[in-house]
């Protein structure tokens, strides 16, 4: 790192799943860096692109017209090579060759783990910016993209409600969240759902059926149940899953099979138990894209700016966390310890409001 | 029908699947009728509600604040009883008891068939207003709800495109249209899709793979293929379907199984054939709901008004058709003869634009 | 034009005010032209850019990711020079120098007039594609951008209605349409407005006050009146306008002064006449931008494609008109004869529905 | 209050300007109260309705289908009578007559002031829920409606940007915020604006012109300046204002005159100073309405629920504040001490990002 302290060279990349607002963060990293008279370099396609030397200098103009675009203008990708010692050494070497003083990574916990491992070989500063729609990273109250993903799902349920109401139907709506019920809880609360099924809770089939049936008896002719993608399946469905595992065609597994989709599975076991017309809707990938909400644009801008501030202050091994609503540096390893817990009062509140 | 000519009693109901803009049509029927000093009665829950005498007088105020709501404020339902001779006779008797001079029905071809059968027993005027998102009714260029359904699907694909672009993916997106490719064609054209698979065309697996592969070789790193819900499955998938038919649990069939979803099936057979990262998204019921677009509100208002004009003119057995962009009365039986054909130039245009 | 018939060179530009869906038309012109193995050239910033030789070849990839963008990717501008004989001659000379066989222009009636004048000096084919949010061009039932502009205004009024309802207010909402009430009429119908004021009609102050007062007496606590930008002012306001004309500061005139805004003027004269809480909202330029609706994207694509078909067929001096819902060639001069008339039944329908 | 502790009677009203998400708060108050087996009463049209005894019991069903509606289902109004001692005494008497144990008020600082004054006469508990789009109440980091208002403005600017870009224009966009720049700052940051003018800062005309001119020289062909409704006028415009004050017609004052609109005024003084094409857009009342964002629905639900929790805990004279991202009770008088300050770093960040 032969650069003078006041003449840093910064690189930035996006890694893991994309999330709306990442572009605002990239734009903020670049413009805040240029404001400090640093040079900034963008790495295309995440760690994989780094290994292929896909790096180029960025100007303020390159960041024009992206703040309101979903996805990430640098692309993103998964990389198997980066997970090897050789890959990490190669990545560090490439960064050294480009005389990069600091690397910013926008991504989730997996990306942060990669960044920590890289920093064993790479001598520059490393700073993470939490970006994932799941909002399940420990150590921060917020990750870029969550607000947009929730908003997208809520708007979809506003539409489903129209048709649920006209036809007198109960909809099981599956939202994203492989390991966490954060999205499901906020979506359920904001959409006025009757109930919610999340990974953090073991939902009993008969109890659940009784809750729904109680609502119906009070006169509810329609309703919404929000199901997290990673919610546990009802026990009796595991039989079907076993059958599935024996299916011969390997391509089929890649698709979301009904027996593996908790929304389909829960709909299936509820059908014979309650006297309502049941439908299923899996919202899927639309939750990852779309114009970021103003909240994600503001937070993306603020964290991108903060990342450069941390770099200027000489920090490394940290990420831009939200704590008590404010931005503060937190150690990367904090973010990689499991999944942020949901608040039990939120689960309770969904049911109180939906009653 | 003892009412004087200038003192008609009109009843209105919605039937079949709901579609956005139906409320604008109901509002227009009611307000145009009141403008003529008619009395208007709303029948809840379609023909089923008629058989249960769910009928009440409507005022102008009842129609407030509904023009921008999806679904139908009168509800809708399917009725098995109405499809019997006894049911039709009963329905006619109830209308006669209420001294209804004319019945307006907002719905699709099935609802119009029911209306024609009813008119063998019911002595009043019958007028249909085409409302279905599918826009596949012969004899009219437009049916209420199509524009909103297409818009909803296109907005969803705008979001998918963000993430497809960031990750370099090919998305197979399934849209509604059980018997018709109308929705799929407009969605494909408006979303800038690479290709489209519709019920009206037999798509060859190898030819299709070659088209996609050609795009990829020209440098396309991502893309969208729009698949109509009713598109034919690739031939080799029928094996899986047969396996499915032997599955023991009858509830499973009710769900959309991947082998029966053309989007999943086409994704599955393309995966080994082309060098792209493939994902599937089934948009589902969100296409039926949501705030109607201005187009559907305007067209709903105009056709509801026209229905009353036709009634005033003494017409019966007709529906409010769009021909050459204008409203004209057409015979109900025209609407019940199969499915309106797609224009082959539109299919060609999708591919020309996506190339 | 020394090019072979099957080796045409096409140029395309956008002119006048931008409108959403123009990008879909540009994309379609380019891709349909390439499909025919033509070469295509884009002219930046309208006729002004043509005079400055801002012309470059376009590829299929240049048209990627623009179908869902508002505005026009080629830019647009007004040109004083082009309105002179010298300007026209220079423009023709530049087109000849680039060996352009055909020029496509997306724009309104003013742009078409320019194109007709240009064709007195330019020897190639000229084809117009109607694009203006106003939808007021004679000879075609539709112009690209109208549907999006109406949709934007209707969504804004959906929001205003919430607050109008909560506070018991009457809103005068001004929408675009300098010479025509087409936007105002569709917006009024789709938003469920109580009344509409358009350039095509002389609205009497006292009669209008009576209509509003009648609604209030029937119990209406809130409401919406849609006013076209070009609607006539109430007579008594002209006094204020005269005062205005004597104001000393020339910059003030450039702004929309309340006395020149018909919505403000009508609100002002109604305030002492009716017992309602009145507010004004001028929607302004948001109506020109935003993501095009699916309708504008489809129609933009179809007309762009048709323009190339007309060129291939050897047509010139024509534009892509919608007649009876279909695309047909019409002579440019048809489009330049005044303003397309509104249908009196539509005005009547607004009031019938709002009553 | 002769009711038993476990048998409370709660009343709820909305007061002041409406804001999106108020319905979520009302719904939560009602459902959380019913969950505790309390009785709940809704007061129509704010304190004015209370004085007119517009009070009725609410059920869980009354709260159906409102969570996604803008405005407030109870209506809201200003009351002159309530600001007198007689009014306050009368209001307290009516609450006592209905044996109301606790009154919840959703509103802004003015409404909280009224609630404090009322509590000098009324013996029950009083709890406030902050709801105003301005987010300028001291003592809480958030007020219901702010996120939706910002989102609405940002979506409008996304549209303006399209046309600004196509035509090469600089837009002065006026957003709400009579006393505070909170909305303007978030909107400017999220929309990627070039600059912002807020009430908290004295903006110098020449400095401002230089900043804009610097951007233009770096190649910016278009841009956005966000102006808060309550921003100071440029000094030289005060001359015009004085002229205005002498205008004879009292109705004119009620309208927003250009000389009183800071966006028009700033555009006017910039026009002769910088070489850009300038336009003005006043977003106006659309920012108050519309479907609440998921954030406002969640926060509305949580604060409504918290209000009942505070009541159950026996608290009074408090409101549901956000501090460090969490809900906590704060004294009403805290909320009535001026306007919450903006963070200077946010102003700086807007300019850093827009540079």
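A, B, C and D are the chain letters, set down in written order, and residue numbers restart from 1 in every chain.
As a working rule, a contact is a pair of C-beta atoms (placed from the backbone, for glycine too) under 8 Å apart; a residue touches a chain by one contact, two chains touch by 3 or more.
As the structure is a prediction and not an experimental result, all values here were calculated from the model.
**Q** Which chains are shared contacts of subunit A and subunit B?
**A** The common neighbours do not exist; no chain touches both.
**Q** Select the chain at the greatest separation from subunit B, using centres from the mean of Cα atoms.
**A** The most remote chain is D.
**Q** Distance from the CA centroid of subunit B to that of subunit C, rounded to the nearest Å?
**A** 31
**Q** For subunit B and subunit D, let me know how many angstrom lie between their CA-based centres, rounded off.
**A** 41
**Q** Centre to centre, by mean C-alpha position, how many angstrom separate subunit C and subunit D?
**A** About 35 Å, centre to centre.
**Q** What are the residue numbers in subunit A that touch two or more other chains?
**A** 158, 161, 165
**Q** Should the pattern of chain-chain touching be classed as line, ring, star, complete or other?
**A** ring
**Q** So in the complex, which bits of subunit B are touching subunit C?
**A** 27-28, 31-32, 35, 60-61, 65, 67-68, 141, 147, 150-151, 154, 158, 161, 165, 186-187, 189-192, 218-219, 291, 293-295, 297-298, 301-302, 305, 322, 324-325, 349, 352-353, 355
**Q** Residues of subunit B touching subunit A in their complex?
**A** 14, 17-18, 20, 69-72, 75-77, 152, 156, 158-168, 171, 240, 249, 251-252, 254-259, 264, 267-268, 271-272, 279-286, 288-290
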